[in-house]
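Chain IDs A, B, C, D, E and F follow the sequence of writing; residue 1 opens each chain.
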Amino acid sequence: MRVVISLGGSVAFAEVDPSVIEAHATAIGRLVDDGHEVAVVVGGGPIAREYIAAGRALGADEVRLDEVGIAVTRLNARLLIEGIGNIAHPWPATTYAEAGQALRQGDVPVLGGVAPAQTTDAVSAATAEYVGADLLVYATSIDGVYSGDPASDPTAERFDQIDVSRLLEVIADIEMSAGSQSPVDLLAAKIIQRAGLRTIVLDGSDPSAIETAVRTGSHDGTDVVVDGMQEPAEW
Amino acid sequence: MRVVISLGGSVAFAEVDPSVIEAHATAIGRLVDDGHEVAVVVGGGPIAREYIAAGRALGADEVRLDEVGIAVTRLNARLLIEGIGNIAHPWPATTYAEAGQALRQGDVPVLGGVAPAQTTDAVSAATAEYVGADLLVYATSIDGVYSGDPASDPTAERFDQIDVSRLLEVIADIEMSAGSQSPVDLLAAKIIQRAGLRTIVLDGSDPSAIETAVRTGSHDGTDVVVDGMQEPAEW
Amino acid sequence: MRVVISLGGSVAFAEVDPSVIEAHATAIGRLVDDGHEVAVVVGGGPIAREYIAAGRALGADEVRLDEVGIAVTRLNARLLIEGIGNIAHPWPATTYAEAGQALRQGDVPVLGGVAPAQTTDAVSAATAEYVGADLLVYATSIDGVYSGDPASDPTAERFDQIDVSRLLEVIADIEMSAGSQSPVDLLAAKIIQRAGLRTIVLDGSDPSAIETAVRTGSHDGTDVVVDGMQEPAEW
Amino acid sequence: MRVVISLGGSVAFAEVDPSVIEAHATAIGRLVDDGHEVAVVVGGGPIAREYIAAGRALGADEVRLDEVGIAVTRLNARLLIEGIGNIAHPWPATTYAEAGQALRQGDVPVLGGVAPAQTTDAVSAATAEYVGADLLVYATSIDGVYSGDPASDPTAERFDQIDVSRLLEVIADIEMSAGSQSPVDLLAAKIIQRAGLRTIVLDGSDPSAIETAVRTGSHDGTDVVVDGMQEPAEW
Amino acid sequence: MRVVISLGGSVAFAEVDPSVIEAHATAIGRLVDDGHEVAVVVGGGPIAREYIAAGRALGADEVRLDEVGIAVTRLNARLLIEGIGNIAHPWPATTYAEAGQALRQGDVPVLGGVAPAQTTDAVSAATAEYVGADLLVYATSIDGVYSGDPASDPTAERFDQIDVSRLLEVIADIEMSAGSQSPVDLLAAKIIQRAGLRTIVLDGSDPSAIETAVRTGSHDGTDVVVDGMQEPAEW
Amino acid sequence: MRVVISLGGSVAFAEVDPSVIEAHATAIGRLVDDGHEVAVVVGGGPIAREYIAAGRALGADEVRLDEVGIAVTRLNARLLIEGIGNIAHPWPATTYAEAGQALRQGDVPVLGGVAPAQTTDAVSAATAEYVGADLLVYATSIDGVYSGDPASDPTAERFDQIDVSRLLEVIADIEMSAGSQSPVDLLAAKIIQRAGLRTIVLDGSDPSAIETAVRTGSHDGTDVVVDGMQEPAEW
């Protein structure tokens, strides 16, 4: 199976802790050993937020801050590449084309951000579309898609399964509330919809949960359902 | 005044007609002669649609088709650069940073698309934010922002003025209707909102109308209003 | 056999018609399936002429117009790459070195133009020399090499076979007549001569004719003969 | 005066604190306002050490860790650029040539690391040589050059002035002791010597002290003396 | 006046002699001091021939040898840049666009070769066309254009003046004779013709002769005459 | 075995003699045929010295001269690549990352210099560290490490074996004497020490001696001994 894993910055780089990165890298390595083709997109996490806050205080506009954030995601990508070792494409891929080429050549590409005004959520979905992925996994700090923002709305309920058109509505609602955050952003959801990408949103803090989701499709998060989607032959 | 002009592909490159491109280039040149700092973002137009349709028929995914579309916008940018002549940055700028640097050095940068999954609408807004523009002008094939898609909804009315938060709602509604198109896309509108960009949406078929809008703020399109925005000193 | 196919813009991109591109891509794919190593150089065709004419009307000099033309050939290359699919080097190669490296790695490189003041005819010959091709095929809109320009000279006769030194004379004569066009330009012919390249010039409108020429050496066009050349072992 | 300021990571980026960065940026801006030409080289500091430690734990060799460190210095450079604002070259310079060109064009270039196996100390000296600087200032976390490592050797005394050949000996001695660190490394000192660079090593925690040293030559650190060096005309 | 000087490798780099290079650089500097805009294209000379001969003996094809030759011309360009000093674009320009941009910004660009299968003769003419030069000077090891190759044909006579169409015939004849060499190659002459470039071919061994030709149009070589060409206002 | 060969410019490029280069290339080819993974770093030799001397006479500083020297090493690298043929990475690698990637893909990368202020000695050691080499061979014009500079000190004795910490002392002593030269420079020795690289310094004039050293560990030069180093399994 060809899979893109979106590894949230708060999940894998909350502490710049090598043992956490190692655990994720090992899970990825096992998937590759078993014949899966894997591309990874990593987020920025607390270090990105720290640099972006400093840049904002220094007067930078948001596009320049995106450039700062992209630089941090690529720094994080370097660490994950070291953890994955020789099967990884040896430096952070900076375009979809470079990631696709690395995957064609049998390597695991690791991307951070690609361009300003585009989150790593959207980069993950676009990478999945570009490489024709069978599965896109968002390994986030939230354990799935909720009917609202669970941080601010106690009545928000988690979906086991959600249709992508409903997902778009939920995200649009959450994004309208200032300060709320959805586990996947609107642009990402639109790409998922147009590309018909089988997508799982789950709590990424346990690498083996990601691994199990890829191997069996079984997980405790949310399945995003796209019309006419078939079960993968490998499950 | 520092201004970013978003020159729609259907406006300036509908026919690859040098007299149309010349007219736009001349208007830009006059603005620069009078002391304005101008950056331009051009769209793809019919040639882009033709190549994208062919690519889709050949099985390319949307991200790759975006790469095709970006290549056409940069081709269009070359023609506009030839029209503008020696005051233009001599090749299409491919990043916000390159465009900003050209503007710093006194040149007119011309951009096409920047990255997949990002329209030239959004590139225009991001460029305006990046260079700290006083004004962003969308010169489109529609003559302003309507309450719906005028092509399909005969009751749609044009706004003379619209608050950016209302703009976001209108765009969200239009984008939900399959086949409809708003004059400015959602990501662009979000950047306009966050950056507090004074924005005008107008019919771009007459270059002198664009020129007048930049010189005086007077036009027949729609003003997008952002909270707390002041009139420019130059008007 | 290692072969370079020069696919004229007027042959494969006269209409930006995906079925034409698909047919050429399929023929190329079959050659690769049967063990041939193939590199392709594509021309600009009508779209290139349209953009170049516009650029000229806008006052661009010929070197800048060459840059415009190169951009169109690379756009065309993108479409052919989509048609060829996963066995193609995934983006247009922009240097001989990149094309050579792609071929070494088992991919089909597709090039457009390389530098100003150099036609895709010459790029094709130089690529063939660079990769040590066994055969160079010019798939053009003319069905071979004539003793004059068949468009203007009714007595011009097609050669079934022509020695490369005679080819040089014929081309020099044609190029002296304003408005006439030879199927292969002078620089290309000189490279063919110095590199001793087995070359076929044929009508490229039927992809299967190109395919047959590569497989068997049989065709209805013109064989360019270079001293001491042997039949390929594979024929 | 043309000056290169080496801004230690522990000095300006110990906390990713915008007020500290702002203070350094403001001092640089005042020097430029008064006619000085300034280039800056920034170090990595604690964030670099954190990422490098993680990379080492993940098994990366030192050359790859240098790449990680360089990425952090360039991230730091972005923040300083935001602080300096419009007079800064708008992105981190990555080669000596790019830095020199920015300075020629009247901008303040900011560099981080340039290549593996080369500290930002050495980059600073090489930049100073490349741009023909009148003065090189090391703004470090130590307040000058000591006869030993003050952290481990209580008898170490600070030099008010030191000849560059003596500096080389002192550094060689310190570098022989495991765990000790000199304020300027051996390669940097050799470049200072060969280029005859007027050099000051001072405590960089107070930006105004750096500014005063550049304006007047007066400071509380160590002057590195090179044979035959004259006082700058401006002092 | 805007002028492109083509500095033959055998003229300026016959011995890698700094005093020769210095003399050429000084003449160029004086022209710039007097208000001329100058771009320079340098050839490879004996070092290029030595490396190319070695590469050929090692089995490299001509396209790869061109890459070797281009590398040598850029090495030569570096030396000339050092001689010219601060008014030179600080590294060898590698494209026409880069050279044009450097000239727009008031610098003296120095180019070597640009692409395989294109001599520095042709690069010189294409640069002149690209930057809209008023004058193109070929400073060669031959003192003008002859009716044949003076090295092999004792009856060859030098032209004081030659029409560009006659030049094309002369070059075509010379190039047909194996081992003969014309002072300007065929592609260069064609560009001169299409661009209507005022061109002088002269013995470049005396830098002051080049300088005088640019200042006054007076020289001992050959004027290439293009239809309808006017005398420059500055002469 | 994975091996990095540092091929001194005075050894392989003393005369730009294709037969010498061919002999080195052939030895490398045989090592690869027998299963060794080989990366090569080439020096500049007499041509580099000639260009650097000219640049210095023209007033270039040492950093710019390093750029000149790097250009010559990459020119030399091109020739060696032609000699090695199809198993070589087809152009000079310019970063450690590019060299490492080429080796991962089964090619022989050839590097020259990487950055100013870094000799090809140091590049060789850093490459060896980067690719995790089992062996680093310095093929120099001196036949091993001596207790002093054999050119100036007749009592200097060659070591058959030397501990790396002793090597550092010897080099430091030699470098203190003006005009003396050690076979390996200080930065290189420090990288050898920190990376624990098994290293051989030998007379490189006979390619078969290099080949034998790689195959068997037997040679007439100096073994640099690093603590805890084991014999390679292959010897």
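Please note the rule applied: a contact is a pair of C-beta atoms (placed from the backbone, for glycine too) under 8 Å apart; a residue touches a chain by one contact, two chains touch by 3 or more.
If you're wondering where the values come from, they're calculated on a predicted model, not measured in any experiment.
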{"item": "Reaching chain F from chain B through chains that touch each other, fewest steps", "value": "2"}
{"item": "From chain B, the most remote chain by mean C-alpha position", "value": "F"}
{"item": "Farthest-lying chain, centroid of Cα atoms versus that of chain C", "value": "D"}
{"item": "Centre-to-centre distance between chain D and chain A (centres being mean Cα positions), rounded to whole Å", "value": "38"}
{"item": "Euclidean distance of C-alpha centroids - chain A vs chain B, Å", "value": "31"}
{"item": "Chain centre separation (chain C, chain D; CA means) in Å", "value": "55"}
{"item": "Of all residues in chain A, the ones touching two or more other chains", "value": "64, 67, 97, 105"}
{"item": "Those chain pairs that satisfy the touch definition", "value": "A-B, A-C, A-D, A-F, B-C, B-D, B-E, C-E, C-F, D-E, D-F, E-F"}
{"item": "Complex contact set, residues of chain A against chain B", "value": "61-64, 67, 96-97, 114-118, 122, 126, 129-130, 132, 172, 186-187, 191, 194-195"}
{"item": "Chain D - residues contacting chain B, complex", "value": "86, 90-91, 105"}
{"item": "Residue numbers on chain B that touch chain D, as the complex places them", "value": "97, 100-101, 104-105"}
{"item": "For the chain C and chain B complex, residues of the former touching the latter", "value": "16-19, 21-22, 25, 47, 50-51, 53-55, 57-60, 64, 67-68, 71-72, 74-75, 78-79, 82-83, 85"}
